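Which chain is which? They are A, B, C and D, in the order written, and residues in each are numbered from 1.
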Amino acid sequence: MTDNPIRVAVLGPRGRMGAQTVRAVEGAPDMDLVATVGSGDDLAAVVDAKADVVVDFTRPDVVMDNLRFAVDNGLHAVVGTTGFTEERLAEVRGWLAGKPGIGVLIAPNFALGAVLAMRFAQQAAKFYASAEVIELHHNRKADAPSGTAAHTAGLISQARAAAGLAPGSDATTSELDGARGATVGDVRVHSVRLPGLVAHEEILFGAEGETLTIRHDSMDRVSFMPGVLLGIRQVPNRPGLTVGLEHVLDL
Amino acid sequence: MTDNPIRVAVLGPRGRMGAQTVRAVEGAPDMDLVATVGSGDDLAAVVDAKADVVVDFTRPDVVMDNLRFAVDNGLHAVVGTTGFTEERLAEVRGWLAGKPGIGVLIAPNFALGAVLAMRFAQQAAKFYASAEVIELHHNRKADAPSGTAAHTAGLISQARAAAGLAPGSDATTSELDGARGATVGDVRVHSVRLPGLVAHEEILFGAEGETLTIRHDSMDRVSFMPGVLLGIRQVPNRPGLTVGLEHVLDL
Amino acid sequence: MTDNPIRVAVLGPRGRMGAQTVRAVEGAPDMDLVATVGSGDDLAAVVDAKADVVVDFTRPDVVMDNLRFAVDNGLHAVVGTTGFTEERLAEVRGWLAGKPGIGVLIAPNFALGAVLAMRFAQQAAKFYASAEVIELHHNRKADAPSGTAAHTAGLISQARAAAGLAPGSDATTSELDGARGATVGDVRVHSVRLPGLVAHEEILFGAEGETLTIRHDSMDRVSFMPGVLLGIRQVPNRPGLTVGLEHVLDL
Amino acid sequence: MTDNPIRVAVLGPRGRMGAQTVRAVEGAPDMDLVATVGSGDDLAAVVDAKADVVVDFTRPDVVMDNLRFAVDNGLHAVVGTTGFTEERLAEVRGWLAGKPGIGVLIAPNFALGAVLAMRFAQQAAKFYASAEVIELHHNRKADAPSGTAAHTAGLISQARAAAGLAPGSDATTSELDGARGATVGDVRVHSVRLPGLVAHEEILFGAEGETLTIRHDSMDRVSFMPGVLLGIRQVPNRPGLTVGLEHVLDL
């Protein structure tokens, strides 16, 4: 334990991510878990416990109330709950305008590897004539492509456009419907679904005579915890709203 | 050189595959290259040269005449020229019915690795709940998926049906058009096109807790030559029509 | 449930593999779990319960007594316990000589994918100039290479020798100690150890212009259960001793 | 062609890399090939031709004279010739001290993908408990590991040390000699050699529950040309000595 551990409260401690977070905070030498607030519990507990940072892994229908409460009470927040529209983000920014010292980090993905893969993909994009994304998941997944793959393809597309690259050339004249995948910007995205797979993303770049591949394999939810802990450590130093873990990585 | 080298004639010696075959036969210690017949040359040369086997890498519009001539003259044939419909195959079988000692091998793919990959895929199919195929080629390819990938997916589908397997379950309820690939039987096929790629096929099988992947990477046309030479060696011992190199592999 | 379910007893039901087997047998429509015998329990329970097949996931120091008991009492056995030397196998064969109808299957690996990968590797070996094996495991593994990878490399080496292949050529003249891996027969084996990995094996074959790769990824112990169930179903029809699941796969 | 094309001279135009460079410069719309100087030709030709930049793909025994001549005559230089020791680099720096406007870029590797892979590996290193490198090359390669893989492993090691990471834990207690690869810093490096392979590097990072893989596949020498052209464009704006293409990439 360090001299001034960060005092952390976890909202949603019985969900899968919340429970992992409770264990991760308990195991972190520079943090103290000072409160957990489940559904039905009183949020005031986090103030009573003198928390510095609240971590929210709850549900879209309660996260806005939680965040409002945290900001009003001068607490930083790290949020992994989904469902943040542009409208919601604007609302959070409005609350923070009146609280200049408070930081809120909202991240759709806390897997460092996924965030690094996206960042590297953005950096590599302008050096290659063409790019495609393959994501592979277990066969219980409802959406195709995955949110991460779609987001990655969008970032690559933007980086290509910013560098003035023409769309990658594709000589396909005869296609069995769907063979060439879905299109996000000028990037094709392919979704594989098989039992035995967990969560995998492969980003391929091609130029004459070479290819570059960036692959992330996520086997277990525990892999999100280093990103959550990093967020908890960084958010007090980043006033205002930060969207995406990539902004707190020191690359 | 062996005591009784196989006497080989190459039809289409100036095309890309034909030229490779000329070099491969010249380099094979158990074969003699006794004739080459290009467009405009007289086919009779292969009889004059006492060829045992003719290899045909010509064009769909001349291959039937070449084959007819070979069979009529008691020569075995190895054929890599494309365009063989069921109708054409029936016609060849008809010619061979009257020539019981003569063998003809027609193969769409002489890459041993591609043929092995297909065979292994057929063998593995019944042990897995689900299978998908990814093929990756250079961006000058006109068709998607590749013929090899479509054929492989078809073979897997047949093997699954023969084993009484239900179609692989897929929980996708929200799909960006094309993300889940093309469908061949009950197998999804994905086609990636990038400069820098050559010709690659990946077959993925999944069951609870494990996946099995078979991948073939073809970098150079020279990789077809061991299959062509194997065909030349085997065809004299296989009277009648054989379609597919897999039937002459001794697995 | 079917008309005549196979009556199964599990020895070692509280170990990790035994517990999985209990669940798998309970879930199999063509099997009845009729007894479990832990350490300290009386083996006679399996006879009282009229078991057809006993499954042994115990320990090397008790497995021989268990097997002796099973054979003496006319029960078939499926054994995943380790530690079978040639001497022990000979002893089991001796017992079975007097019991012509009884089958015993001893398998070091029940993962169908691992067994298929080995079989395909054996089949492919003679068609390629050279082969190497990469195995990748979590960083808590004590032995390098894994038993499966060493066994696979040995099988490839034997298949290459049987086909009269010379050792794969290797032009390395300057090597940092260990870079080219361990040597099993004439096959190099490389062991990667990283947190985040589970259990993975990759077998690479190379010839001019092409490579063939067979990869098995095992994420979870549940992947062994289809092999265990297959063994239970097949062992009554295979009198005598069978070593290795590959012999009961109908490829 | 642009208004003020860069005037380029190629030294070593008949070697494999030099010949590629001649073609690449001829094909670049913003460059003019104004001179080529083979062995036996007079270097003065590059001054007569008013070259802005000389590209040197010659040999270690002549490159220092070439570079001295270029710097003395106020020409920028892009150098892919090997054999630069710290002593040689110091000598070049000495020459450049007296020529403040002149830039020299010496790069061991002009493949953008290899350079990007190294850079990403450096960036990712501090976020992972452990890293290993696998490099795969054709079986005519003399050194193992490849220079690029050894260099990459060294960079990762340095980045890990700078971040205060302990060496990756490895529980291996029983090892067949060489299985765990060569050691560069605290990174294991594995070298695979097979016919059919070209030049491939795979960098694997592992943390609890996830892995990140960066892979570069180089199929053809043509893949070095975008890096050479980038060097030619950037070197006039980078006075002094620059070692490594990564420093002229705008990431």
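Methods note: contacts are C-beta pairs under 8 Å (C-beta built on N, C-alpha and C of every residue); 3 or more make two chains touch, one makes a residue touch a chain.
All figures in this text were calculated on a predicted structure; none of them were measured in a lab.
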Numbering shared by both copies at the subunit D-subunit C contact, with half separating same from different: same
Label of the chain whose CA centroid is most distant from the centroid of subunit D: C
Inter-centroid spacing, subunit D versus subunit B (mean Cα positions, whole Å): 40
Inter-chain centre distance, subunit A versus subunit B - centres from mean C-alpha coordinates, in Å: 46
Whole-Å gap between the CA centroids of subunit A and subunit D: 34
Shared-contact residues (touching 2 or more other chains) in subunit D: 196, 205, 207-211, 217, 219, 223
Touch-based graph of the chains, sorted into line, ring, star, complete or other: complete
Residues of subunit A touching subunit C in the complex: 196, 198, 217, 219, 223
Contact set on subunit B toward subunit A in their complex: 129-132, 134, 136, 139-145, 150, 168-184, 188-197, 204-211
Residue ranges of subunit A in contact with subunit D within the complex: 111-113, 116-117, 119-120, 123-124, 127, 205, 207-226, 249, 251
